[in-house]
Amino acid sequence: MNMTHPFLDVDGDKLREECGIFGVIGAKEAAAITAAGLHSLQHRGQEAVGITSFSGAEFHSHRGIGHVAQVFRQKEVDTLPGSMASGHVRYATTGGSGLRNVQPLFADLADGGFSIAHNGNISNAMTLKRDLVSKGSIFQSTSDTEVIIHLVATSRYPTLVDRFVDALRMVEGAYSLICMTTEGMIACRDPLGIRPLVMGRIGDAIVFASETVALDIVGADFVRTIEPGEMVQVDHKGTISSHRPFGNPSPRPCIFEHVYFSRPDSVMDGLSVYQVRKQIGVELAKESFADADVVIPVPDSGVPAAIGYAQESGIPFELGIIRSHYVGRTFIQPGDAARHADVKRKHNANRAVVEGKRIILIDDSIVRGTTSKKIVEMMRDAGAAEVHMRIASPPTEHSCFYGVDTPERSKLLAATMDTEAMADFIKADSLAFVSIDGLYRAVGESERKKSCPQFCDACFSGEYPTKLTDFSDRFPELDAA
Amino acid sequence: MNMTHPFLDVDGDKLREECGIFGVIGAKEAAAITAAGLHSLQHRGQEAVGITSFSGAEFHSHRGIGHVAQVFRQKEVDTLPGSMASGHVRYATTGGSGLRNVQPLFADLADGGFSIAHNGNISNAMTLKRDLVSKGSIFQSTSDTEVIIHLVATSRYPTLVDRFVDALRMVEGAYSLICMTTEGMIACRDPLGIRPLVMGRIGDAIVFASETVALDIVGADFVRTIEPGEMVQVDHKGTISSHRPFGNPSPRPCIFEHVYFSRPDSVMDGLSVYQVRKQIGVELAKESFADADVVIPVPDSGVPAAIGYAQESGIPFELGIIRSHYVGRTFIQPGDAARHADVKRKHNANRAVVEGKRIILIDDSIVRGTTSKKIVEMMRDAGAAEVHMRIASPPTEHSCFYGVDTPERSKLLAATMDTEAMADFIKADSLAFVSIDGLYRAVGESERKKSCPQFCDACFSGEYPTKLTDFSDRFPELDAA
Amino acid sequence: MNMTHPFLDVDGDKLREECGIFGVIGAKEAAAITAAGLHSLQHRGQEAVGITSFSGAEFHSHRGIGHVAQVFRQKEVDTLPGSMASGHVRYATTGGSGLRNVQPLFADLADGGFSIAHNGNISNAMTLKRDLVSKGSIFQSTSDTEVIIHLVATSRYPTLVDRFVDALRMVEGAYSLICMTTEGMIACRDPLGIRPLVMGRIGDAIVFASETVALDIVGADFVRTIEPGEMVQVDHKGTISSHRPFGNPSPRPCIFEHVYFSRPDSVMDGLSVYQVRKQIGVELAKESFADADVVIPVPDSGVPAAIGYAQESGIPFELGIIRSHYVGRTFIQPGDAARHADVKRKHNANRAVVEGKRIILIDDSIVRGTTSKKIVEMMRDAGAAEVHMRIASPPTEHSCFYGVDTPERSKLLAATMDTEAMADFIKADSLAFVSIDGLYRAVGESERKKSCPQFCDACFSGEYPTKLTDFSDRFPELDAA
Amino acid sequence: MNMTHPFLDVDGDKLREECGIFGVIGAKEAAAITAAGLHSLQHRGQEAVGITSFSGAEFHSHRGIGHVAQVFRQKEVDTLPGSMASGHVRYATTGGSGLRNVQPLFADLADGGFSIAHNGNISNAMTLKRDLVSKGSIFQSTSDTEVIIHLVATSRYPTLVDRFVDALRMVEGAYSLICMTTEGMIACRDPLGIRPLVMGRIGDAIVFASETVALDIVGADFVRTIEPGEMVQVDHKGTISSHRPFGNPSPRPCIFEHVYFSRPDSVMDGLSVYQVRKQIGVELAKESFADADVVIPVPDSGVPAAIGYAQESGIPFELGIIRSHYVGRTFIQPGDAARHADVKRKHNANRAVVEGKRIILIDDSIVRGTTSKKIVEMMRDAGAAEVHMRIASPPTEHSCFYGVDTPERSKLLAATMDTEAMADFIKADSLAFVSIDGLYRAVGESERKKSCPQFCDACFSGEYPTKLTDFSDRFPELDAA
């Protein structure tokens, strides 16, 4: 446990801040519903999970390292009584130290308990923390989210909600939040709505979640999307009120949620994620046809685009790569005897549909390029005659500072090579990415509006929609942002 | 721990004997290779795993409850030195008692150590055990496999191999075995070859495994299938010898391996499992076309047949059901609020491709019918206009006594209803199964030979190819077998 | 985990605040030395233990529930590099919540890391906490010690040491503290010196500990006792400076450390604890002789007084009660069959020296009286002809608010009965306590000075030497203090 | 796990076979009573413990590594229903492999379940095992006790009891056994009665235990000692029958049980262990007086003899060494800074009674001599003027093959040096052992009968009372036995 470690480390763990959040108020067994909801959001954060509940007088909490189904068995859920609960799934480092960062975070404030679950990343957290510590605040975690709690605790405004708004006006970056006080639940989304948040209803209970799939799994009806910059309060009687404390800036929701991050059965800002991905495949087939025998997805994320590509092109869709359901992360690496065993444990060639064929391989994105290279090689080892790689997103040239795990720029293949060089690197016969306008067409826009893009697409365009105070000295090119 | 529990319990755990086995001789890091191989066979048994290695003078063993990647981390593999190793994945009950049944089983015989890993089920084990115990043998597990060890230990034949053959001549049922002695490895398959077993090679090392996918993952080349009734010995110098101690009965390999049990990227008796399943979909489309808008697989096992059905019928293939990667088995069940949460945690409707559509739903089999019923209901809840269920196997009317987990007959839906009644039960607009001859066509036969079927298809036909001594009194209808 | 639980609970866990502290600066393997030192202080707190070390740039910490030898094995000690370390043993509740209270507590202050280990109890902690929270401080533990950290963090004085003195001037009660900053170690004792603290030396390294036995075990030479109200600073070069920030009040060290709490092989304020206890036995024999056959100690704490009593009276000393070395705290209680098994598991009568004898039974104190009653009964069951109980301390009539675990007054037998009634209650033939002046004689004083007692003897006299702000409303009789 | 390891290893773990056994039949909560009884026998084996119960139809078992209080909490006891139970405490190696050796051992024989708990050591176990394995018996543990089970299983006698007697007639060495069958409990002691066994009664229930202290702790009345060579059967109705299947050889109970092994509050063959030890101190004082200031015991085992020595000599008894209650076995060893920390963690000098004094140090025995050497040095470091060591047993010159943990001869100090050389080695001013006749006087004999000693005193005399088949080739000097 390294207690003086700075909590923002661009090169290290900090950017692994993909998260999922869920909350419910007004329901029997609120913690059990939250566990089920988080289970459906497990793809957003697989390393740690926590749930906090409120039973009328007291807050209760349990947090752990692992999957939802491991950390929350019946006996743990039974320790979390009450009709209001919220939870969080995240990446986290292992061990005791890591547990301190597992959300929801909780504090006993002067007005009573305050719990917070956060999806996103605050881009001036380090700067704010330095100031708070100099005035006597003592931090217990290395999470950027803790900054919000201390800003609330030290705010001079009269009510807890006023202090919360006061705190949020000081932070920059991306955040969807689900908070709990003794009065009820507060859900809010940053002014640009970079990270998603939806509202649903089960009977009299109100539910908030990162994605609609979490509403499906708990049997809730979809009510509406929380608007960018909106703050929704629900009290224990079920009264709902909505506020817009940040005015009305133009929204910039993250387009990468559609490309990769959300589950295909979710509906994001009114669009089916599955249909968007399939449509990207259609756009790809129009933009970058290849004469081939079969269309093969890299499972599972490449499957919808491959179906779209196959339908548009008329080339048959086949499962040429089989994905194992049992991928452990710290698996044994036998030495010389089994080359590429790490890739093969996850993906194995289905030689029967690859051998002798010209194949079109569909994947969602290329980050470092190492996996793509291994998969192309695996296809050739299985007898592929030609391998044409098609990518269902534009080249990923820039790091994300809003909560998606991307490595620093220098490790992004597309930041250092053009498409032709990338094709050589991964040893594909051809390589093409969907165009940025093709991507915008797939989400229902006629084109990307250059002056005012409809989405945050900074990972493709480098146009960051907020200030990045903590990172400005390291990334001089961001000063323009 | 109930130490006097009879070890053959038809209604209970005993039939959950699906297993995978793997062995390697002549390789550095034999245990690490075995762990990698077992990982690719994890679908054959997900509850317990064990590996035994031989380091020239001594045998070493580690066994545990859980997945391969959990039980065998680097530190456990490091306790298993030597150039020969074998392992086993299986279903098992939890706890200390269960651990005694985790294979490979090991015994110190008069000739030295003897290790055995078994896939299959011995149908006269209870009878043999009674006799052995009366003569002074003390059993430590409730596994049918232990019978073989005691038969070897008490045989009067002069050599260990002779005693092993003597033992196998006394057992009936299904078995593929990988055994280790101080002299080397012995792999063998029962006279009918009911369970599979293949041989491969990595450099000078010889590998045995239940499926070819395990050869792929360890970088081994496929050599050949072990023949039904064949016993292959490999010594530490790499000398290979083959024996046929049981004569030459007609083979009856399990056809259900093709339908459901094996991985689609395996090649079973010369046939690509994926292509067989896709071809079953083609046969289904020919036999039982339905006028519909989309073909939707129940993932993942229904996908190849759905691709085949879609290609043959010309109806588009779509992912109308999304499968979660994170299905924990002891998950929380929130009460009224979330009906069908157990099914939804595994499968969720993708409303965008279901709503308003007439759908053809493809699944691999119907056992109890409860899951099919819930999935049909899920499709209707998602707005399906019509639901036509098509099953990629004939009706499962009979229990398996050869190592596949099927419930007792009375719980098999097809044993108590005809197809029309089953359609009503699951509330489908129509229901059809592939015919038994359609299934045989998919595996490359022109038809099923009635007098002498080419496969064991007892679960569909009730024609058991061996005696079932232990079960004959409970199942009078088996007497004919 | 109940996060809103008030952290000062007179009737509950809070008073179980017996603790031991240890620190070393300037030594290789500082954490290993600290673990050894804490092991010898284990009798001062058996439920939880923590060590924090400083390796020049960073602080490292490990804490756990259990004994020192369980929590600090080689691998845990290896995670604590550096030449400065301090640690703490304490009572604690089990579970994750309890772990937050295990000391040393640590905070990242504006000047860098600050670690604190505390033996004692702050009697206005609740009052101070309320004020700190209202200004924005967020507490993470329910320990009174955390108040000191927040007082330091929010103090406006320029240097860390000034802020530390500023903080201590606000607290009342008993404390011996070992703190670490990046600059070095600070050891201090409250103005009255209620809890002990000594300084030793190993080579160039300086050691602080609650008792001299911890110096013995790490091979350190005793240097001197830290004076009441003294603050000693040691920097990384070994420079030692001493301060007296609180003036020079008359010391009032806890006399109960001599009677019961310290180890007999420790030297406390210049007096051998063993010799003091033996001398109490001598005083008891002079004050309360009984005509008997044997002197029997209640082991282990009654042994030295029994030796003194036997030597003074000439009656033979015998082990009439055998103490088990294996007393588990959550042991099984078989029902009717084994009455008093709980006492017998710890103490068993040695019938051979009890049967038919008139015995003098020596114990250190009577708290609730239930144990004494059972032991007298055990002696009679073993055939004792007469049982004369002699107690090596005055009657315990008052609760301790300075860190010794005593129950609330109403549960103290001596607070509700006179000596005769107590003798009846425990069914002894006679009962006598050493007089308060006899106790003072045993510690080398001619008598207790009424106007200004030389020790804190509040548990016997009710004269509390400090204010008790947090407790004044519940204990009106304390107002006089 | 080394599965081919020979199970009798003179130099290794095998001789660590000190054990305690306990059984009860006819009692409610039999397992809870057994846990309490084993707790009082914990000093006979501290590393592993097991209990087996019988609930009328089935046997239930739980075993674990650790102390009784750790392994048997309420929840484990609750898994052991029934009115008959027996248990065992022992030394054991850690890990999964070790668990197989934890007793009671259990087997399903043709007549039903058979459980066995064994204190002692069978000196022809290896020879018998070789023969059994050659006939087909498969061993699961490396315990000598398992030989008895296989002898029973393969015996041709008609009844289970006959087969049990048949088996015991084949074994040589020392054994006290508590067995359970579906019919009831069988307790027996080897023909010479080397290891102890007593019978007690609680109401209608019958109890068997290694020592009387276990009767005390469960509230049982002492009935009688089981005679050497006696076999006592108790059925579920409470009918007791006694048999003498081995004739009437002269008894040779282990004299070391009195010297060291038993608890002082036990009564062994009619003698109070405490009084015997005190009397040894008296004999020592008569035989080997030293002119000194204080008598100091090495706690705890030296205390009774020191009291006897002090009373006989008139020299004051003082606690000059304080023993810690918290001795962990795998404790940290800080390097140079803390010499002799390992001894100090267990024993610390009480300088106040040692400094400047001539001391007589009383210990129970000298084995390797290393501990004695360190303790003498500790006394000198604490200022002792003279150190006279007195040992409450004769020199330990020979290994024990009957279940007491002694190292091989070459490591026994007394096997390689005379008393004067030993005094030099441990750096004592003088050293004396009680004479063998002094020891016999302390147990109430006038002298040791040379032709036919009344006890097994082989560790002192080298006269082994049984054959030692397995050891004869390694110890040619034993051939005479």
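Going by the order they are written in, the chains are A, B, C and D; count residues from 1 in each one.
The rule is short, and it goes like this: contacts are C-beta pairs under 8 Å (C-beta built on N, C-alpha and C of every residue); 3 or more make two chains touch, one makes a residue touch a chain.
Everything numeric in this text was worked out from a predicted model, so none of it was measured.
Peer 1: Between chain A and chain C, which partner chains are common?
Peer 2: Both chain A and chain C are touched by no common chain, going by the contact rule given at the top.
Peer 1: How short can a path of touching chains from chain B to chain C be, counted in steps?
Peer 2: When the steps are counted carefully, the minimum from chain B to chain C is 2.
Peer 1: Which chain's centre, taken as the mean of its Cα atoms, is farthest from the centre of chain A?
Peer 2: D
Peer 1: Could you state the distance in Å from the CA-based centre of chain A to that of chain B?
Peer 2: Averaging C-alpha atoms per chain gives centres 37 Å apart.
Peer 1: Rounded to a whole Å, what is the gap between the Cα centroids of chain A and chain D?
Peer 2: 63
Peer 1: Can you compute the centre-to-centre distance for chain B and chain D, using the mean CA position of each chain? Integer Å is fine.
Peer 2: Distance between chain centres, rounded to whole Å: 51 Å.
Peer 1: For chain D, what residues touch not just one other chain but two or more?
Peer 2: Residues of chain D touching two or more partner chains: there are none.
Peer 1: Between which chains is there touch?
Peer 2: Going through each pair of chains, those in contact are A-B, A-C, B-D, C-D.
Peer 1: Quick one: in the complex, what on chain B touches chain A?
Peer 2: Checking each residue of chain B against chain A gives 27-29, 32-33, 35-36, 39-40, 42-43, 46, 67-70, 72-74, 77, 202-203, 205, 213, 216-219, 263-265, 267, 272, 274-275, 300, 303-304, 307, 311, 316-319, 322, 324-341, 344-345, 348-353.
Peer 1: What does chain B use to touch chain D in their complex?
Peer 2: 1-5, 57-62, 79, 106-110, 112-113, 133-140, 149-150, 153-155
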